[in-house]
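What follows is chain A paired twice: with chain B in the first complex and chain C in the second.
After this line comes the complex of A and B, so read on.
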């Protein structure tokens, strides 16, 4: 019998191992690529938000209202320009301010919330006729506010013709127009619009009320589950119900808020529609399962011996709860509060139903409002989405979120160290 | 614990303590009862409000307007005049979530594997932090990102393929956003599932001569299957209920017939609930509660199905196997009888 070629096992194994090395490298590399995808997406989100919005995040943007208020002023009808001129010696001169020598005012460029150049009246001489401007609608004297910019001015020239200068055309044009004028026929002052002050204040109030409503409820529930509850059917049902409500999407809770809390708060205070209280109650529903879970976890880490010792020393259950359980679960409570703040800042779908959709001129406890997140949603919903402003708000939200998550890590670290001691 | 306190004593202070104890106990039970009853009360109120549009009259001047139950299930466009159909919203929702799973499931499983088993420590911390941050970003910022980046991206793809889109607002954009948003949930749960795999299994595989990568793919992922699947179920639950982000990118088309074309705008249940709410009142507002019922039903049914699938392989005598066996037995009997 002829012998077959013997298989060279060493060679086969070597080849196999070589092949396997490539294959392994490929699989490991692909897992790396997939995890890189997460980092890339995060960088894209952050990068997009920062690059688009950073320029728009100005103090004016944060402090001004969303709605723009305007006032139209003119010189009074019996005003005659004094040909001898006025004494403007009290006007302090700066280099970056342009002055109209005829009217005694100083003009300077500023930025509005769309980052366009606008003209502010920054200085007015005490003797200037600009101090005696009256409102066009009711003729009352009106002092030019410093936070309003001059959008356009229409003047009457010596020849009796009218001439208009717009803010867009620049300061030089404005000043030459003013210098040719004998009276101001119309000057329109606008406040900075498109700001977020209302939404910002509403968000702060909402967070405060949400914490006031949700923390006592959640901590109470957690103490019951972590301290009193025996392992029986009722407890299991309660636990599973609490777990189930954490799986419900927030928009459903928005509906609940609209269906229960708006009529409820309305019947107590006489409001119609959403307000900060209905929003806070709705957020409470969303947060409760998380708060109960977080605080309960922290209560469970308290050593049994500590509680037993307290009871053995004659303290009642109540005393044990307030003197042993609560002080030792403070990290859980803080974490729950931080989680609550983060969720409240970011929540939008539920608050659209429970709080309101329209950006209002002033924060109010009795009518609909918007939080920062709903503000973003609102300004992007229209036909001309305001990406830059939305990104500017997003930067603020993002900063808060990052700070909160760092704070959580810090709290956990500090309390871990304390426990180890 | 109560036994410690139940010492018979005539001291009035102790008596007061015991009374206070009982009150506090009751109060805490009351609080936990509120926490637990939230879900029940919510469901009851949404049911009541959601059934209203089918029953009440919303018309004025003698006209009778309410939601037609038949067209609610059959009509292929979503309108606010009483004849809107919601079934296509359900189909689109499921379709978008399935599309998103194509991206999110492999990404989260491989990311979890990389973090738990492969990566060196430095890179691991970076990716972990990235995923934590991704989970912390509010959905409205994802919506902004989708509108600003993903929509133009989808639009340019469609341009290159010469397919018509509505400025990139499409089902594909919705699926991409949903995928990004569900990756953190799925990854976090997958990591804990992979970490929980028995070390002896891994050692056994390595001892048999399998390489690390082979062990990762064939042993670890297979053993962590059930935990990973639990994560996917949770992610799907979140994705089904996501409203703001998807409403901002999907285009909110009310015509449902084109939902299979991923470059066409669509509308999910949650996005239909949210879109146009600025102007809505009366019927247009109340019908959103009916959609709320539909959304909850979809979430519950999807969860039940997925949990059943998850348990199918695990317990040999699970309800589904029993059910299938029963049906099989019935068919056999029938065949015997017919023979």
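After this line comes the complex of A and C, so read on.
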């Protein structure tokens, strides 16, 4: 046999070292590049949403209704303008408010929910005829609410002609029109429309009912799987079913909600179509796997010896569960609840069917409603997609989700510290 | 062809025969009062795949300390856990023969009844993550005792009995897990005697403790002997010699020897016991 030549590693390494350098550089560079790309894309998305929506996220947007209500007012039929009869000295004058000395009112620019300039009646003197305006439809006295803006005003001039001033034409035009008038023939006040108050309140109710339905069921399932279930085929099948059902697209749950829960709740309460309860039941289906998994994980971290000690002291299984297992898995239960809240806020597909897409004037338990996420879908699905408002809602959802995930981290940290003590 | 049923029948007959010839230890020690008697007891894990205890005949005497010793995996802990039916919790367990508690087969008793009479102290100190007070009142409260005065009395007496009262009286509402290891184990013993059991089963109670805490527990066991029957599993032969009255030596699931402790260590009857004591195997 021929003697083998010993391999000269020193030479090999020298030759390879440059080659390796390039390879390593390429790998590291691409990894860095891709992670950078992820961060940039994420920043772009969040940045776009925040820059587009931030201006629209006003208190008025959050507190006002989606539908706009209007009221038409005029001076009463027997109104006679008394030029010297009114004393408006009770009005405190501000610089950014324009005053009509003839009528004793102060007008100021404000924004509606589309960020257009609109005119608000911010001050009315005690003696002003504006206090005696009546509704055009039934002639009853109407006090001008502070959250309604003046859309247009039509007045009768001294010559007997009619003159109309629109909000869009500016305050100065409005004041000069008013000053030339002897009576107000028509004035239209509008409430801020396009707001999300109903959707916001409905979302809160939906979260509450979803948690009421899903937590007991989920915790029960988790106790069964984590405490009672023997490690056999049936348990493994149940466990893998739970795992699998967390991967089912939510629209399928929405379908089930529409096909089963709407008739079911309808037969019990006499409602037709989706409402908060059908929505909550559907969300319960979606959340159950998550809750079961989270709570079960938490139950499994309880030392076996603690459960043995409880049983050895003559406690029954029920007592052990309520006194040892549940109090020690409270962090898991809280985490599950928070995950559930986050999921409920973000869910849209299933709720389109199970809850409805009706943006109503007031939250209702018996008829269709909508949540914030479906609200976004609704305003984007129309003929004129309102991206700005959608972004404003998205910011709210972002904020809630961020707060919830921080809360989860805090809870985990606190419980970890408590355990380590 | 062999008939498998016939073969089984033979085994049964053999067992009956064994039963007739086995000598209860109470005949050897007529002065003692028997609390637990184990008769022809067999125990299997994994649906019968692992034969953990083979034909055990044994008696536990009242107000005595009985030590179970033997190499690892010899079944001493298994037998201990059979006394309060903690082994019932393990999947795939199977048992034959019977254990009598004061003449009643334990399988006919309710586990809650049995476990409130047969307390257990575990290898690792395992106080509940709640206050010392609640740790001790856990058992009585589970049995429905709600009277504050009685609970207070139980807490005081139990802590006093284990010599912990003076040490923790200031921090009775602090968490049981904030105590040192030795204190935690004594708290577990206090929690156990709060139920005023007949028997305390101890599963290597000092193996997780330092020598000083171990000595304290041993002292405590000597004191508790006046009120309670104690069965202790230990790896430490010196400990068995120091604290026990009777010693049972197990090997590979069989009871090799049961004897008075001084006789067991001075003149073991069995060759295997002698080998074990002298350290020929461990």
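Assume the second predicted complex is superposed on the first by the 405 of 421 C-alpha atoms of A that agree within 3 Å, B and C clash if a C-alpha of one lies under 4 Å from a C-alpha of the other, contacts with A are read in each partner's own complex, and residues count from 1 in each chain.
Throughout what follows, a contact is a pair of C-beta atoms (placed from the backbone, for glycine too) under 8 Å apart; a residue touches a chain by one contact, two chains touch by 3 or more.
Everything numeric here is computed off the predicted structure, so don't read it as measured data.
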Partner chain(s) touched by A:228 [first = chain B, second = chain C, both, neither]: first
Touched partner set for A:312, first chain B, second chain C, both or neither: both
First, second, both or neither for A:99, with chain B first and chain C second: neither
First, second, both or neither for A:323, with chain B first and chain C second: second
First, second, both or neither for A:387, with chain B first and chain C second: first
Partner chain in contact with A:238 - chain B first, chain C second, else both or neither: first
Chain B versus chain C as contact partner of A:253, first or second or both or neither: first
Dominant toucher of chain A (residue count), chain B or chain C: B
First, second, both or neither for A:303, with chain B first and chain C second: second
Touching both chain C and chain B, counted on chain A across the two superposed complexes: 308, 311-312, 316, 319
Contacting residues of chain B [partner chain A, same complex]: 1-2, 4-5, 17-18, 20-21, 24-25, 27-29, 31-42, 45-46, 48-49, 106-107, 110-111, 113-115, 118-119, 126-127, 130-134, 136-145, 147-149, 180, 183, 187, 211-214, 216-217, 234, 237-238, 240-244, 248, 270, 273-274, 277-278, 288-289, 292, 295-296, 299, 303
Residues on chain A engaged by chain C in the complex (per definition of touch): 230-232, 303, 305-306, 308-316, 319, 323-324, 327-328, 421
Chain C - residues contacting chain A, complex: 84, 86, 89, 91, 111-113, 115-116, 119-120, 122, 124, 126, 128-130, 138-139, 142-143, 175, 177-178, 188, 191-192, 195
Touching residues on chain A, where the partner in the complex is chain B: 20, 23-25, 27-28, 30-32, 34-35, 37-39, 41-42, 44-45, 48-49, 52, 216-218, 220-221, 223-225, 228-229, 237-238, 241-242, 244-245, 247-253, 255-256, 259-260, 285, 288-289, 292, 307-308, 311-312, 316-319, 321, 342, 345-349, 352-353, 357-358, 373-374, 376-378, 380-381, 385, 387, 390-391, 394, 397-398, 401-402, 404-405
